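Paired with chain B in one complex and with chain C in the other, chain A is shared by the two complexes that follow.
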Partner chain A sequence: MAERKTLTFAVMDPPFETARSTTLLRLLDIAVRRGHNINVFAYEGAVYLPFALQKAHPNPAHGRNAEEENHVLTKDLIAAVMATAERAGTKFDWVNCGMCVDERGADQAIPGVRRGSPADLLKMAQESDNTLVIGTR
Partner chain B sequence: MSHYLLIESRDPFDSPDTGFVHDLSRKLVEGGHEVTVFLVQNGVLPARPCIHSAALTSLAQAGVKILADDFSLRERGIAASSLIQGVRAAALDVVIDGMAGGAKLIWH
Partner chain C sequence: MKILNIIEAAYRGTIEEQDDTILWLTTIMKGAGGDFTVLVRGNAINHCVTSQDCSGLSFGGWEQMQPPRLASDTATLIDKGVEIHYVAEDAAERGLRPGDMVPGVKPISRDAVADLCNAHDQVWHW
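== the complex of A and B ==
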């Protein structure tokens, strides 16, 4: 493995709406598999990415039940990345912006997600080797 | 000399501001820096032969390394073998390697 680094990602896009969320999760998966420490600061709609009450659903338009539809939930993908990090003994810190959570009622996140503020993003960036801000349009 | 990694997620058919990445990367190369433009999501669309592809080829000829996310290409049915001159397919790992290597990143 290459030298372990600490990488920070900031994201503001909600799940199930843009390709940016998918790209973020792909980046996290690669970074964790490479043994890097990861920080994520989620704000605005991105606080719903690890929302615990996400539910898989059927797709009546295509005649598929929930099992056949096998709907991918971002909370499950994030949990899987967290589990990979735990097995590897690396740090994975996901912070949801508290004000963004409150205004959306998104306070039920999966275990491992903590509440914070933009000050956390500043601290993460200062303590990281590099930071990528995935801006929206 | 610094290494700049510019990630372009927008396509010129939908976004009139993709020239930003072109202009910035060209100026950075002219300033003696190493520049990689990584196309991702709909940003890969001009990497197939089309009305906008000449701008990318010109950028490559100026010394900018241009890569297209292989996953985004597959999602859009674009074969890596069909990419225009100056652009080649690459894995998203390039971004993580760039971050770990200290590249200066901009997401657009």
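== the complex of A and C ==
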């Protein structure tokens, strides 16, 4: 394995709106598989990415029920990446911006997600090899 | 560690947040001890225009008494020691003159942006 890095991602987009969220999750998955330590700071609508009350729905256009559809829920993808990191013994720290959570009522996140502030983003960045921002456009 | 925040998306959630979300973020992180520079470019340079006014918004009987004041927020950030640059060509293309901008913001040519990036440890493009 290449040298282990610590990478921070700052993200803004909510789930189910743009491909940027999918791109983020793919980058996280690849980085964790390669053994890197990961920090994520979820800002604005991105605090809904690990929202625990997300529910799968059927897809009538495909004629499949929710189970058959295997509907993508970002909370499940994040949990899967977290599990990979845990098995690999690498760090995976997801911080939801607390004020962003409050104004959206998004206070029920999956286990492993913690509440924080922009000071956490600063600290994460200072302790990282690099930071990638994926902002809303 | 020096961080360059490049703000290019203009008025993103501004009315609801009563801020530009990245000017706000930078202000809070500066208060937490961060070393930041800001570059506004594209339509976001309008954040630094002094004459903007988005007051007067109301819905039914509800009235926004604390509208966003981005020029004031920009000036506050400068007062806190954050250098703020704007791309001069982007301003000219939009008919904005240096006198339209918040005092203290610094024009920079498009050609100089790469050097500005190189002068920082991390570049965050919002």
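Descriptive notes on the structure:
Assume the second predicted complex is superposed on the first by the 135 of 137 C-alpha atoms of A that agree within 3 Å, B and C clash if a C-alpha of one lies under 4 Å from a C-alpha of the other, contacts with A are read in each partner's own complex, and residues count from 1 in each chain.
What we mean here is this: a residue touches a chain if its C-beta (ideal position, glycine included) is under 8 Å from a C-beta of that chain, and two chains touch if they have at least 3 such contacts.
Please read these numbers as outputs of a predicted model, since none were measured by experiment.
On the superposed chain A, the positions of chain B and chain C stay apart, so the two partners fit side by side. In the superposition on chain A, contact of A:101 is made with neither chain B nor chain C. Contact with chain C, but none with chain B, is seen for A:44 once the two complexes are overlaid on the shared chain. Of note, the Cα-centre angle with chain A at its vertex and chain B and chain C at its ends comes out at 60 degrees, rounded to the nearest 10. Legend: residue contacts after superposition of the two complexes on their common chain; A:2 is shown touching chain B, with no touch to chain C.
In the superposition on chain A, A:125 makes contact with chain C only, while chain B stays out of contact range. With both structures placed on the common chain, the touch criterion links A:81 to neither chain B nor chain C. After overlaying the two complexes on the shared chain, residue contacts for A:133 are found with chain B and with chain C alike. Looking at the shared chain after the overlay, A:20 reaches chain B, while chain C stays out of its contact range. Once chain A of one complex is fitted onto chain A of the other, the partner contacts of A:117 are limited to chain C, with no touch recorded for chain B.
Here the smallest spacing between CA atoms of chain B and those of chain C, following superposition, is 5 Å. Put simply, chain A uses residues 130-131, 133, 135, 137 to touch chain B in one complex and chain C in the other. If you check the complex, the residues on chain C that touch chain A are 1, 3, 9, 12-13, 21-22, 25, 28-29, 32-34, 122, 124-126. Against chain B, the residues of chain A that register as touching in their complex are 2-3, 5, 7, 19-20, 23, 26-27, 30-31, 34, 36, 129-135, 137.
Of all residues in chain A, only 10, 12, 43-44, 117-119, 121-122, 125-126, 130-131, 133, 135-137 touch chain C in the complex they form. Interface of chain B with chain A (complex): residues 7, 9-10, 15, 40-42, 71-72, 92-93, 95-97, 99-100, 102-103, 105, 107-108.
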